[in-house]
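First the structure, then my questions, so here it is.
Think of it as A, B, C, D and E in the order they're written, each chain with its own count starting at 1.
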Amino acid sequence: MTDPLVLCIALPLVGAMLVTALPRWSVRLGIVSALATAGAAVALTAAVWQQGTLHLILGGWDAQLAIALRADGLATALVLMANLVGLGISVYATGYFHDRLRVRSFWPLWLLLWAALNGLFLAGDLFNLYVMLELLGIAAAALGALTGNRDAVAANLRYLLVGLLGSISYLLGVALLYTAHGTLDLGLLAQRIAAAPELFAVNAAAMALMVAGLALKAALFPLHFWLPPAHANAPAPVSAALSALVVKAAFYLILRLWLDLFWPITGMAAAMLPALLGAVAVLWGSWRALRAERLKLLAAYSTVAQIGYLFLFLPLLTATPPGPARDDLLAALLLMAVTHGFAKAGFFLAAGLVQTNAGHDRIDDLGGTAQRLPATTFAIALSGSALIGLPPSGSFIGKWLLMQGAIATGQWWWVIVVTTGSLLASAYVFRVLSRAFGLEPTPLKFITDARAEVPALTLALISVAVLGLASGPLWTLLGLSAAGSGTGGGV
Amino acid sequence: MSQLTLLIVFDGVLLVTLLALGFAAVLSPEPRRAVMLFIAFGLWLSLVWARLKAPDVALAEAAIGAGLGGALMLAAARRAARSSARTDGGDET
Amino acid sequence: MSWDYAALLPGAIVLSSLLPGVFIFLVREESHTLRTVLNLVGAIAKLVLVGLMIYGVWLGQVFETRIAIAPGLTLVLNADALSVLFVTLSTVLWLVTTVYAIGYLEHSTNRSRFFGFFSLCVSATVGIALSGNLLTFVIFYEILTLATYPLVAHRGTPEATRGAKIYLAYTLSGGLLLLVGAVWLRTLTGPVDFVEGGMLGGLSPDLHGQLVAIFAVLLAGLGVKAALVPLHGWLPQSMVAPAPVSSLLHAVAVVKAGAFGIVRVVYDVYGVTLASQLGLLTVLGVLASFTIVYGSILAMTQDGLKKRLAYSTVSQVSYIALGTSLLGPVATVGGLVHLVHQGIMKITLFFCAGNYAETLGVANVSQMDGVGRRMPLTTLAFTVGALGMIGIPPIAGFVSKWYLGLGGVEAGQHWVLVILATSTLLNAGYFLPILYRAWFRPLPASWPKEHHFHTRFETMGALLWPPVITAVFCLLAGLLASAPFSPLEWARLIAEREYGL
Amino acid sequence: MLTAQFLYGGAGLVLFALGLWSFLVHEPLLRKIIALNITGAGVFHVLIAIAYRGDVAPPDPVPHALVLTGIVVAVSATALALMLGARLQDAEEEDRRR
Amino acid sequence: MTSMTRARRAARSAERNRDLSLLVAVLLALLGAALTVVYFMALQAGAAPRLADLAYERLPGTGVQNPVTAVLLNYRAYDTLMELAVLLAALLGIWSLGPAAPGFQRSGAVLAGMVSWVVPLLIVTGGYLLWVGGYAPGGAFQAGALLGAAGVIVRLAGDPRAGLPGEAAQRWLLVAGVLVFTLVGLGLMVFGAGFLTYPPKIAKWLILAIEMAATVAIGVALAAAYVGGRPPGPQARPTAEDEDALSATEPAAENTPAPSP
């Protein structure tokens, strides 16, 4: 009997141990582990698709005493995204790192990070989530500093400290909840919180501590200050993982707590604050991306903005009564998160190729890449259009449903934020692309590099074509009624 | 009654000392001193935890938190001191 | 989802250029023949498929491809009379333009990229034509923007980059407005399917205020591509693109997509009756009339031939909007038929302009003295197109203007005649001097930059025949206006259906 | 028992706030790390306090285990942060030498 | 003069900092007060026994008698597994930053003399703590910490490697904890018991095996963390200069002719 739920976490962990112990074999063992892990994620998705939410209590003890793993549609979709992106990053990394020492440092940390990601998405226990967060944060900071240059080390040191602060704040929230409710299991805790409205103050304080800590890790404006330097200075595959997956994991946790745990106590006012900060993040992040001098810095600021969009959904979810319309919003939120995962990973991988081949990533000096690096430029264009939210990308549908929800609930001001953000995003994406058609020879020779370009292109293509044209399965995976708020919509 | 009072005094002394050590560690600008105070804080903390019937944790805190963490910090403090001495020398020449 | 022939055909029409396009991206730069074969196979396959569809629609068959991209969001491609009109126009002109482009770009670089995006562009255009609901329309509308951007920027010069940027800034903003309007409308009504006669008629009058606002947003979005003044600024700037691209922008794809969108929104979303009740038609009519006059006046001031043609487009495309804004089937016929007529006339003119530039290096009106004697066939084609634009019978343009005028009278809007007359005078004012120079002024001593092709004609065959063919179309569309399957007859069919006659 | 829990837990909260304050206002890396450790110790202290169930009843072992885990996590993070700091110092010195 | 302005500027910024830190202090004091009130409410919520009673009730089936060990290695073994991974990740991060700095000068005779008896004592105590962890205070962490402490002392006494074996062996020792833990868990899953679900009969021995591996891994990891860098070995580059030159050119230097600066 093997359980994909466990394998998703155990396989990368074993892989990490093997590449640590056998550094000579790290690339081969690493790729095998990546394939095996992604396979487990696919198997998990298949299982959830067929059986619905999976639940596993480890150790065979009572639910409250032991740690539970849980895979519902939301978690599974993110696991699948993270593992496909992870596989792409792994393939890319085999061609990216050439220095032996760096190869040996990368693989074990990367597999540990991967294990932490899967563990975080699948965890059903508050303290276990804390451990996963720490593993994630430590592995991410170590990977980010891998280039060893001053900026990277400084940025990732700051990232590590900030992440630790966030975790501690989260842990205090957990301690308060355990004090008041006597359990750490997410499911049980949700019941007890719902059953104890008189403990509003305690629950609200715990929520504030936890969400604030996680918002720090999710880089919600104005707590985003650490992100751009950390993501921009990491090696490209690591930047991709950090921006596409790690930040997303923190957001996932906020969403999980918000929807599953604290739903009874979150009112409109509570939802409005993160949404307003998200709106500022959209505008500010996009603006800074537009002003960025380097391609990777641009991508990093774009992450700040894209995370902002996700927070806009909170007041809409609050204002929409359960039903097809709310299901649509939830699915759209997930779709935007997943699309951004693929698109940003593709973007960073392509940016890494530009940087490697051109010798720099200063946007103003990147004329002519469309001629010399056509596939890479195409990957940037594709993932860029997914970042803007142009059709047929997944984020187009996401934004469509977001705006629909905003108008339907009378919160039309988010429409202005979304449209302004999209315009700014087009500006920063096409600022890069308009250089690309220039006549300058950058880089000096024509380059195709399949092992590195295929992952970037594939990830970008998934964000555009697959998610945009066939996002229906997400609804099924989430176990939601196929909505179609009206006539003649559905199939 | 008097036993209870004694206990409360005992607890009070434990806690006040703990907090004082914490404040001192945080407020000390000199690295080596701060680390020493932090180690003292950690050891005292393990004492408090022993009082709270958590001997396992107390042992771990003494050995890992105060002991090894302190050792690591001391090494860092030493490094910082060395480096600042070097840069000061560099500035003067 | 039934996968029979009728459900596959519209999708297949879109794919018939999309798939070759994808392969063209992968073709090596030197493989000229392979690329040409792919291009032509796609273009001809599309033509055959469209022929099949016209035949089917004539027999009363219903063609509809539906793909659910998300629950409640469905991509619908279907063939009604209006979409057939536009799809046929773009398919025929695409074939001609492809031939022309192959000749035009004979020795330039990055052709695989060019033709790849070229194919994407026409795929998006037929997607727009076949869209069965507003969502589908928005999706293809945005894809069209993206696919044309690399074409405008193709040359990579600073001017090209700048022009492309301006183009993008306008069209993406327009696309965003369209998106907002579409989403807003959807929250009121559910999926916005295109229905002949409109689908908003049953809505409660309380919502009419919102409907007016939505119309304004949609019109602003569509007006950018349709180059309604004051949203036309991108059109002259994007003239830096290679000539086949200009043809595509002006006659086949972009501008047409905007005008077609306005037609769709007025007739098949709002319904012409509701639109008239809400006073939307008046707004549209005023805007269109202003654009017609303003564009013509600006065209007169341009010395650059392509710029002059560009402003002429600004003016002429608004005829379509003008026809749409007049309540009554005759005006509708005039507007719709102009969709086709303007396309074939303007593409002729752009092809000719491209020929002058490629063969003689002539780019300005002031350099055109005597080109008629040096390049008689090209100039003949140009003359047909220009006279058609002015509205001289029996060329296509006359038919459009005749029906627009009649429609104005029918709707009791006699001021339309004034607009038409003014515009005709202005058209004559900026086209006749060109013709005069071309035919009657003496040849200059030398041409600015003359190319000699190894051919017995005045220029390369692939450049010469496309404008000649389209000029013949212009004549035929006028002469055979009342034959079955002519653009006019088809427009009449659409008008009858829209007005439920 | 409740009094002891409250008293000790309250001390933990004071430590939490104290560490947080120091983390926010003090610039040197070592001080920030000490601050973080004290913040963490404050949270651990709360957990140990609620595990305490008076002199008679045995304490709740679950928070104890959580704290044990937390201590190891904290020392791991401390070690990595200190080494990153050392690397940064080296890099800065190198820059200055150039 | 410049030094004077610098001093003045420093003074002004110090003043501003003092104001700021005072403000932060006031805010955090408020936060602390609020948290204390909330904490008081949480204590009175009546969740009182929490998991304690249940944990003791199930203790006989765990294979150990020390309740904390039961939580760590049985009820919540998964947490402990991941925690070992955290420790490993931190160490790998440290290693990725470059080779260890050379050790300190050889210490005086006093320390050297101390090493000869303190280190064995620490190791023996560690073994003892590991063994008693099953039924009394102690266990893998405490034992591992003592091993680590032994390493620290050895390093202080002048051995740059802190008494650890060569890199290859060190790597195996480091991963031993997580590897044994995971493989035991997976093995149990394959044999039908479920991941990390010990059959009560052999629970004691499985836990002991895991604890032994974990002790070694923790001890080695802590000592290696104190060493502070990749152990010098045959594969590693010898000097710090090489490493820096390398990091400065990555990734630009890879397979492309670097353009002129």
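As a convention for this text, contacts are C-beta pairs under 8 Å (C-beta built on N, C-alpha and C of every residue); 3 or more make two chains touch, one makes a residue touch a chain.
Owing to the predicted nature of the structure, the values given are computational and were not obtained by experimental measurement.
Looking at chain C and chain E, the chains that touch each of them are A.
Farthest chain from chain A (centres taken as the mean of C-alpha atoms): C. The leading chain pair by number of C-beta pairs in contact is A-E. Relative to the centroid of every protein C-alpha atom shown, the closest chain centre, again from C-alpha atoms, is found for A. Put simply, the chain farthest from chain E by mean CA position is C.
Chain E has its Cα centroid 18 Å from the Cα centroid of chain B. Centres computed as Cα averages put chain B at a distance of 78 Å from chain C.
Averaging C-alpha coordinates per chain places the centre of chain A 38 Å away from that of chain B.
Chain A and chain C, compared by their mean Cα positions, are separated by 42 Å. The multi-chain contact residues of chain E, meaning those touching 2 or more other chains, are 35, 39, 43, 49-51, 55, 68, 75-76, 79, 83, 86, 89-90, 93, 97-98, 141, 222, 225-226, 228, 244.
Among all residues of chain D, those that touch two or more other chains are 9, 14, 16, 20-21, 29, 33, 46, 50-51, 58-59, 62, 64, 66, 68-69, 71-73, 75-77, 79-80, 84-87. Chain A has residues 65, 127, 131, 134, 138, 141-142, 145, 148-149, 153, 172, 178-179 in contact with two or more other chains.
Chains that are in contact with each other form these pairs: A-C, A-D, A-E, B-D, B-E, D-E.
Contacts from chain E toward chain B in the complex involve residues 66, 68-69, 129, 137-139, 141-142, 145-146, 148-149, 152, 222, 225-226, 228. Those residues of chain A that touch chain E in the shared complex are 1-3, 6, 10, 13-14, 16-18, 20-23, 56, 58-62, 64-67, 96, 98-102, 105, 108-109, 112-113, 115-116, 119, 127-128, 131-132, 134-135, 138-139, 141-143, 145-149, 153, 172, 176, 178-183, 196, 199, 201-202, 205, 235-236, 352, 355-360, 443-444. Residues 324, 328, 331, 335, 368, 370-371, 374, 378, 385, 390-392, 396-397, 399-401, 403-404, 407-408, 415, 419, 422-423, 426, 430, 433-435, 437-439, 468-472, 474-475, 480, 482-491 of chain A are the ones touching chain C in the complex. Chain E meets chain D in the complex at residues 17, 20-21, 24-25, 28-29, 31-32, 35-36, 39-40, 43-44, 49-52, 55-56, 67-68, 70-72, 75-76, 79-80, 83, 86-87, 89-91, 93-94, 97-98, 141, 218, 222, 225-226, 228-229, 240, 244. Within the complex formed with chain D, the residues of chain B that make contact are 11, 15, 18-19, 22-23, 25-27, 29, 31, 34-35, 38, 41-42, 45, 48-49, 52-54, 56-57, 60-61, 64-65, 68-69, 72-73, 75-77, 79-80, 83, 86-87, 90.
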